[in-house]
Amino acid sequence: MRLHVEARLDYDFPQDVESLLHLEVAHEAGQTIVAESLTFDPPIAHARLDDPATGERRVVFRHQGSLKMTYVAMVDLTPRDTALAGAPQHAVADLPIEVLPFLRGSRFVESDRFEQIARHEFGQLTGGDRVEAILTWLRTHVAYRSGCSNATTTAIDSYVNRRGVCRDYAHIAAALCRASDIPARLVSAYALGLEPPDFHAVIEAYVGGRWRLADPTGLASPANLVRIGEGRDAADIAFLTIFGEAFMTAQSVTVRDISQAPAEPAAA
Amino acid sequence: MRLHVEARLDYDFPQDVESLLHLEVAHEAGQTIVAESLTFDPPIAHARLDDPATGERRVVFRHQGSLKMTYVAMVDLTPRDTALAGAPQHAVADLPIEVLPFLRGSRFVESDRFEQIARHEFGQLTGGDRVEAILTWLRTHVAYRSGCSNATTTAIDSYVNRRGVCRDYAHIAAALCRASDIPARLVSAYALGLEPPDFHAVIEAYVGGRWRLADPTGLASPANLVRIGEGRDAADIAFLTIFGEAFMTAQSVTVRDISQAPAEPAAA
Amino acid sequence: MRLHVEARLDYDFPQDVESLLHLEVAHEAGQTIVAESLTFDPPIAHARLDDPATGERRVVFRHQGSLKMTYVAMVDLTPRDTALAGAPQHAVADLPIEVLPFLRGSRFVESDRFEQIARHEFGQLTGGDRVEAILTWLRTHVAYRSGCSNATTTAIDSYVNRRGVCRDYAHIAAALCRASDIPARLVSAYALGLEPPDFHAVIEAYVGGRWRLADPTGLASPANLVRIGEGRDAADIAFLTIFGEAFMTAQSVTVRDISQAPAEPAAA
Amino acid sequence: MRLHVEARLDYDFPQDVESLLHLEVAHEAGQTIVAESLTFDPPIAHARLDDPATGERRVVFRHQGSLKMTYVAMVDLTPRDTALAGAPQHAVADLPIEVLPFLRGSRFVESDRFEQIARHEFGQLTGGDRVEAILTWLRTHVAYRSGCSNATTTAIDSYVNRRGVCRDYAHIAAALCRASDIPARLVSAYALGLEPPDFHAVIEAYVGGRWRLADPTGLASPANLVRIGEGRDAADIAFLTIFGEAFMTAQSVTVRDISQAPAEPAAA
């Protein structure tokens, strides 16, 4: 499948501050960037902080005044195997060491406090079956509603509120997985068919020998996500981190399936 | 300086659960392990989860019943340069990418919420001077007191309580550094002269081109710490993580300076 | 039924501070104080702050040093009607104005945040039937366990922890009632048969035209409680409030049924 | 001084729910209601829940659909004595019993957790002088900023955020007073000269034998406030409590000084 993704961010920076932009498609198996461009208007100098270990790509810039950032990419996507059912849970002793941090609590995922809930709600289930039960619980107990959470809302907050957006669903899901000794992380992505279109946050659980993607909101197909970044929670995968203050004036994300689009004519 | 460190942990595990032990001295520049032993009584099988990238060493085991864990090590220590004054702060663009996560909030360090406090309290100071001002603030505004915090106490909790132990001081310090755009992490260590002796938690701030150790409590000399592990906060550097339930029955830590000890006689 | 209640509190007051003692049996219909004594050792001056509107009785004193407080009372109790089933819920418009405050959130009862949970868990039930469903939920989802909560633990904390003591059960119950538009308050009491014996905290819900007692822990019979005080939550019904610092050195509560005890001989 | 106050609230109630309106001027010494009207468009039945003990006036109604509520009052105001300097602090033993609840924590005022801060920041000051120091601290450490807090923001949140609106200032002020053993409550009011005009929240501290009004934001003169209600915190003095869901479509408050307005002609 070939997807066309586009993100437009218009921000106003009242002071001269640094910002870190993390919205470019990651270099990862299963998703090939056919073409892409990242443009700033006005044009500004920026430094790359790409991470060869994870394939994540970040840009840092310093700016004062208004700024339009536009990212466009064409990506060939191989649908991912996101099967959870039956995937066995690993003993901690059998986990790769780079997976260990995703067993622990993080800024927005107080997994250490969800142990009794996880035990009570999901009983004897393990591995992928337990992750599926967690996802089912979320879809039946939490309502998708914007405006009920903000940038400091944690998994406990959302678990009690029973309302939230993709970020909040992902935080509860990660909390319940980690409290069940299943490594879980958040993934930022471009999602086809998300309504309303926006940056999306989903989770990945480590069961059956590898990370497996799932969308706790159920709004997008995890098989067709275009990955941007991954981390312990929303703090790690923000698409824009401002080291100071800035104000959004406009923002849009679009994702289109262009698999069937006619090839560009050789000569226009 | 040659230090002799010893940790004894007696725990009771009512069920058969996995545990992760992270109390061995790290393989790092400046500290050479001359001799060491980690013993379990009764003897049990355990798997190593050492991290070559950081030098941290972890052991995972599964056990039911009572268990005595004893770790003894003799370590040659080269005093560290912990000078903070004048060390310049880095632009985000100039940070090594592996340092970036330590700018973000974590389970017990809600640094995103400390921005106004940091701005108000530490004004125009930057880099190592700012870290020093943060340490001074802690020593004049927070009282060392055990029993006022627990395993879920966060930096905000401790900032309001104005009381805590090493872990709480370190969390506030890390929160104020990160809120000032200075990378900061927690370090677990054996500390000479700590009273009462215990595992110690200190911080490291990234200024002037490298990580620099500091003890927010002021109880130990950061120059003479023997490092065990490092991470975003207490969640990452727990000396014992139990994936289930266990009860401590006894625990002790001792650290002695044996630099002047007479050499062992060649033949006893 | 005739009950003999006794509370012994030994405290050490390092500084000269005021304290408010609220452990005397309330003057209320259904419980008649046959005899009682409140003694301080050493003897100290104290002022009464009794509340004729509620029948609650409080004593304020100022003291430095160690102090033994002993309260003994013999109380004739008329078993209370605590029936909940079928008791109708009132419209807000039909509530007595003095009941209105118990619809609102309080220090340890963040009822405003439990609305979605209440709606989801207890659906169409109203009034006493809904209160009963809340009590049933608590007894099947929360484990009685001391040492998992402290003086700052709130209803949200306990709802997530799924563990707690009488105070925590009462806070969750009150939160779910208020979030259901059912007035609820906490009541401190002496409870026959409580194991281990201690001051007890239960709730009262306003349904079917009056306050009805219930014990969310299920450990004591609400019909046979001896009431001390009532309030929005634990903050209002503390048996001892110290305006400064003090340390408990010993404390005990005993409640005995002396209905069948032989009369004291006329002449010993 | 004669003030003209007007509040217009347009709400949409998607379901048929009860609401409690608490925006009428209280019957209290120092403020005489010369004329007033409360109108609903469309006209609806409503019940009064006035409190003769406090002079507070509330209306309860049930409605579905859109509703315009308009309250207009003309009030003659005797400027209040709000002097704080030198007003002595009372021993708890000397407080009227109805004042005691305002020493305790409440939903948005976790005063029990501010004791060390209060001790550290305001040292040996007592009574009205201490309240003044608290007000000064607020005006120099907290910035008035809307959009940084919401209906669940507590005093601890605001103390850390260092930003907020009148409600948040009042919560911090009340927390610091109560943590200093000075009774404090919140008061809702119409305030002349408030910019932008809105319902206002201020505090009252009990020192020197009576409640004394103060505006922690410094935006309005406490001497010229028209009181609506009082309570432990924002939970008690909400101008509109909806027992279900509703959406504001428009809202405005105006307060004008009409002392110098020409008298109405005897015959128009």
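Order of writing sets the chain letters: A, B, C and D. Residues in each chain are counted from 1.
The rule is simple: a residue touches a chain if its C-beta (ideal position, glycine included) is under 8 Å from a C-beta of that chain, and two chains touch if they have at least 3 such contacts.
Values in this document were obtained by computation on a predicted structure and should not be read as measured data.
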item	value
Those chains which touch chain D and also touch chain B	none
Chain at maximum distance from chain D, centres defined as averaged CA atoms	B
Interchain centroid distance [CA atoms averaged], chain A/chain B, Å	31
Chain B and chain C: spacing of chain centres that average the CA atoms, whole Å	43
Euclidean distance of C-alpha centroids - chain A vs chain C, Å	47
Residues within chain D bordering two or more other chains	113
Interchain contacts, given as pairs of chains that touch	A-B, A-C, B-D, C-D
Contacting residues of chain A [partner chain B, same complex]	18, 20, 47, 49-51, 58, 60-62, 91-93, 95, 97, 100-101, 104-107, 109-110, 112-113, 151-152, 181, 231-232, 235-236, 243
Chain B-facing residues of chain D, complex	113-114, 116-117, 120, 141, 143, 156, 159-163
